[in-house]
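Note that subunit A is present in both complexes that follow, paired respectively with subunit B and with subunit C.
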Partner chain A sequence: MIAIIGAGPAGLAAARAIALAGISVTVIDAAQKPGGQYWRHRSTVDGYKATRSEKYFSTVMGNPLVTYINGAQVWSATRSEKSIHINYLQSGVEKILACTDLILTTGAYDRSLPFTGWDKPGSMTPGAAQALLKGHGVIAGKSIVISGTGPFLLPVAVGLAAGGAKVEGVFEANSPLRWLRSPLALLLNPEKALELLYYLKQFRRYSIPVRFGKAVTEFTGHSVRISDVNSDLTIKKANVQEIECNGIAAGWGFVPDITLGGILGCNQVVDKDGTVIFSTDHQQRSSVSNIWIAGEATGIGGSDLALAEGHIAGLSVIGKRIPISLLFSRFRKELFARALQVSYPVNPGWKKWLNRETLICRCEEVTCGQILDSVEELKAEDARTSKLFTRAGMGLCQGRICSRNVAEVIGASKEVSVTDSERIAYSNRPIAAPISLGTLGDGISSK
Partner chain B sequence: MNSKVNFTFNGTRYSGEEGQSIAAALLNSGVTSLRSTRFNAEPRTIFCGIGICFDCVVKIDGVANQRACLIAITEGSQIESSQ
Partner chain C sequence: MQKNNPDAIVIGAGIVGACSALSLTNAGLKVMIIDRGSVASGTTGAGEGNILVSDKDPGPELTLALKSRDLWFELQEDVGDSFELEAKGGVVVARHDSSALMKLAEHQRAAGVTAERVNSAELHKLEPYLHPDLSEGVFYPQDAQCQPMLAAARIIQTVLARGGQLVSQARVTGFEISENSIKGVVTSRGTFHAPLVVNASGTWAGEIAALAGSQLPIAPRKGFILVTEPAPQYIFHKVYDSDYVANVASSDADLQTSTVVEGTRSGTILIGASRERIGFDGSMNYEIVRKLAAQATSLFPVLRDVQLLRVYRGFRPYAPDHLPVIGEDSLISGLWHSAGHEGAGIGLAPGSAALITDAILGRVSFMDAQAFSPQRFAGAL
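Moving on to the complex of A and B:
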């Protein structure tokens, strides 16, 4: 039995490849609806190439070969020689699904950097703004500022403007000239130029101002302060502009969700940009036999790369030959993903924006000052020891939002770089979602 | 149009569209805080929007620590701020 965890672009592409070969597959996802983070359209919202999802939905959903389990949060998994057991929670009931082959396509979430006021209502990730809009038809704020880095800021700005919000500006920290460093990636992905043109047209249509080399460094709850930043993200000139708004969506790329593969023992590596990802072979096989991994969890590359990787993983699981054209398509998109890393780096200077009162761990309300004190006064060596003193990263989110920032703040204060083993340690957690002992006590039923 | 769903939040009646999450329906109704934080009593609401950050946790029909950004509103449900 083949199972796929994640019904985003990568998971659906894998399921489609398997089902088209006449083989049955089970797809399991925490969300109510398929499509992952990208395809969550309601009929009222459209976006660039929004109709592409139809091809996947129509072959996967309602196909008798595909069992789709929705609203199912996988919190853990175990494996033995012969099978893998997936433990999930559906409508408060604990269940187990057993499979022989597993494809993990668990995606990613927004990376956040702390700044003064980022914990105030009105401040959220661009992904949250996008999810509210595409999934629920709600605009995140009547007037909103978008800040951070990366191409994802573009569809978020356009979506919000089209949905009726006043987008006061997009403040991209990096210079567009950085793209000149990746000529081959641009040459091999000409369709990306069309996508950019589409967004430029939309920006003009909704009169959205775009500024480069700037970042929001403070949110007061009803306005943002913008600073000019250098390429290393240190502040060149603080508070050059103040804009009244009731929302700020700030995002700095994505963090792959690697918890489940980590629990199953799949080998991880640290990518060039410091994110922890899975190492896979040319067929998307992980280091563990019978587990394949595709999509953002193998490195951030966007939906096109996720689709190609998912397709390859699906073919590989059923032992089908992988066409050269598909491998080349993945290669092109991988080059583009590399170019994204080069064009939108999150350089270390952001730590200079913080003051002692800035909150770093949202769950346990730990400030930058408390973390620095744990290093200076209590002699914490790394994020793990600091955590014992301050509780940073010990809250309900299990450090998903803050652990990288905590490690990097400590590294900077001690003037050392964060080691790969430390990065892998803070990126993994023993369970994929908190589960109450009460639920477990109610008994586990096998599906 | 989707049909209307009624629910209460901290005793006040609200409504939203069928299929909307609790966080989305409340934000759309002008509610800017889902809970107060444990130590500093600061207001919090949706942050990541996809079930990662746990900033949006509420008590739904007596069950605590539920993520309001993931769970859809249901008719008659009673939602309360959790501490």
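Moving on to the complex of A and C:
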């Protein structure tokens, strides 16, 4: 029995490869609709070639070989010699799926950096902005500023504009000239130029201004203040511009969601950009036998790379040969992913934007000053100890949003870099989703 | 690193090391604390902060616990800062047959513990959300709690303010010993000299003793704790069922779960804890988590709808007879141990610190520490 957790591009590509070989597979995903982070919202993200996803939806959905379990939040998983048990919650009821082989394609979520006012209503991540637009249409008619770094800001801006929002501007912190550092990646991925042209056209259509070397460093609730930033993200000139708006969507790359693979004991490494990812072999096999991992959880690379990796994982699980062309395709996209890292770094200067009052942990309302005090007075030396003293990272999100920022603020104040083991420690948690104590306890008798 | 050698080195920046360092400092010694990690990076940062007298049978540990509990409140005044110390009171609920619990309470009363038998009405007045079928219990107003990591940090902060030193990220790898007397501690950050060393390295105290060529039978006893989302105040005291008392004292290697349920200031509810002797095996065990949840909801049905957010685990340091080891090493003079406090290290830390300081300085202490002597294992290993 083969199971896939995650119905994003990687999971769908894996399911498709397996189903096309005539083998049955179960796909499980927390969302109601398939597609993952980006495709799920495709009607709101006016993405380049967004219709490509149809090919995957059509082979996977309604295929008798594919069992699709939606609205199913996996909260834990266990493995024994023979099988892997996936414990999930569906409409508040706990269920268990047993499989022999598992493909994890749990994706990634937006990374947030703290800045003054990021905790105010109206401040969100690009991913959340999309979901809002889709879910409730509340964005329509509002004016929004987009800030951060990365090519993913472009489709979000276009999607919001197409959905009726007034996008006041996209403020990309990094310079486009950084792309010149990755000539080979550009050469091997010529189709990306077409994608860029597509977005430029859309930007003209919706009159969305794009500015480089700038970032939103304050949100007042009804306006944003924009600063010029240097390449290390320190502020070159503060508050050069103020724009009236209802909302700010700020995204600083992605954080791979490694929780489930971590629970199952899959080996992790720290990527060049400081994110914790899984180490996999050329066939996407993790360090644990019978577990494959594909997509963003093995390194941020965009949906094209996720598709290639998912395809390879699917073929590998059923023991099929992986065509050289597919391996080359993944190589090409990996090069592009590396180029993305080089072109859109989140350099350490953002910490200089903070003042003592800036909230770092929104759930528990812990300020930058409290974290610095925990270092200075209480001798915290890492995110874990600071958390014990200040509660930063102990709230509802369990540090998914803030623990990396806490670690980096502490590292900066002590002028040391965050160690790999600390990064791995704060990225893992034993419970992948909240579960009620009643449901949890009842699970005993049902077994 | 420093010009003047300290008078004493304390190994371990957990609660036991912190309290020992402060009491030695207050006795006029210059103290250096060494830890391989940072403050509270060991078991002190992985447990709860119950300061209990209710779970102990009359005997040396209860005597220590009673004194220690009072010392916690003195300590708070000395440190002059808050670590969320609160005399919250404990409620022990008789789950099945209440006779064992009532007998224990009677013995405890004779030993100086305030233990009030409560009937059904009183019980539900103390804890309105308790399962209606539970009808008898004992109320222990002396039971208290603190935030142990904050306590360790505030205490160490005080030691530093009074001239002590903290050397963190320094792993102890050996000792300098001549003629069976301690001369210094060798660490990954250099060698530090002192004629007195207190081994307060908790679960790792046996390893430290071995580095000095001695022995101490301290082993890990693993425990899980559940943390929920913030909830309305459903729980007003530390509430546990009487099976807990039996489990604490048991030396059975098998898994035991018996819940202590309590609310915290932040609104989260803590549910602890399991007890297992399976070495330093850090892996998750969801069956234990389920058991703890089932026990907590059977005490408080209202908790059924509260979401579990987090689970964490730690390794309690325990000795074969479940008593802490407090006193001078049986082979090496100048090497003192204060370790092996098992599931009560937070509660017992200030009392243990007083005992070891008195012993080091040759002062008369509040109790006879013979039962805790490291000598009790000499030859037995």
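As a working rule, the second predicted complex is superposed on the first by the 428 of 447 C-alpha atoms of A that agree within 3 Å, B and C clash if a C-alpha of one lies under 4 Å from a C-alpha of the other, contacts with A are read in each partner's own complex, and residues count from 1 in each chain.
In this section, contacts are C-beta pairs under 8 Å (C-beta built on N, C-alpha and C of every residue); 3 or more make two chains touch, one makes a residue touch a chain.
No experiment lies behind these values; they were computed from the predicted model shown.
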item	value
Touched partner set for A:147, first subunit B, second subunit C, both or neither	neither
Which of subunit B and subunit C A:431 touches, first, second, both or neither	second
Contacts of A:127 with subunit B and subunit C, given as first, second, both or neither	first
Touching partner for A:396 - first (subunit B), second (subunit C), both, neither	both
First, second, both or neither for A:388, with subunit B first and subunit C second	second
Which superposed partner A:30 touches (first subunit B, second subunit C, both, neither)	first
Partner chain in contact with A:53 - subunit B first, subunit C second, else both or neither	neither
Subunit B versus subunit C as contact partner of A:119, first or second or both or neither	first
Common interface positions of subunit A, toward subunit B and toward subunit C	396, 434, 436
Residues of subunit A defined as touching subunit B within the complex	30-32, 37, 92, 109-110, 112, 119-125, 127-132, 135-138, 140, 362-363, 365, 395-397, 400-401, 434, 436
Contact footprint of subunit A on subunit C as seen in their complex	37-41, 45, 149-150, 153-154, 156-157, 166, 168-169, 226-229, 266, 268, 271, 283-284, 286-287, 289-291, 293-298, 303-312
In the complex with subunit A, residue positions of subunit B that touch it	17, 19-21, 23-25, 27-28, 32-33, 37-40, 42-55, 57, 63, 65, 69-70, 72
Residues of subunit A defined as touching subunit C within the complex	76, 78, 87, 263, 265, 364, 377-382, 384-385, 388-389, 391, 394, 396, 398, 429-431, 434-438, 440-444
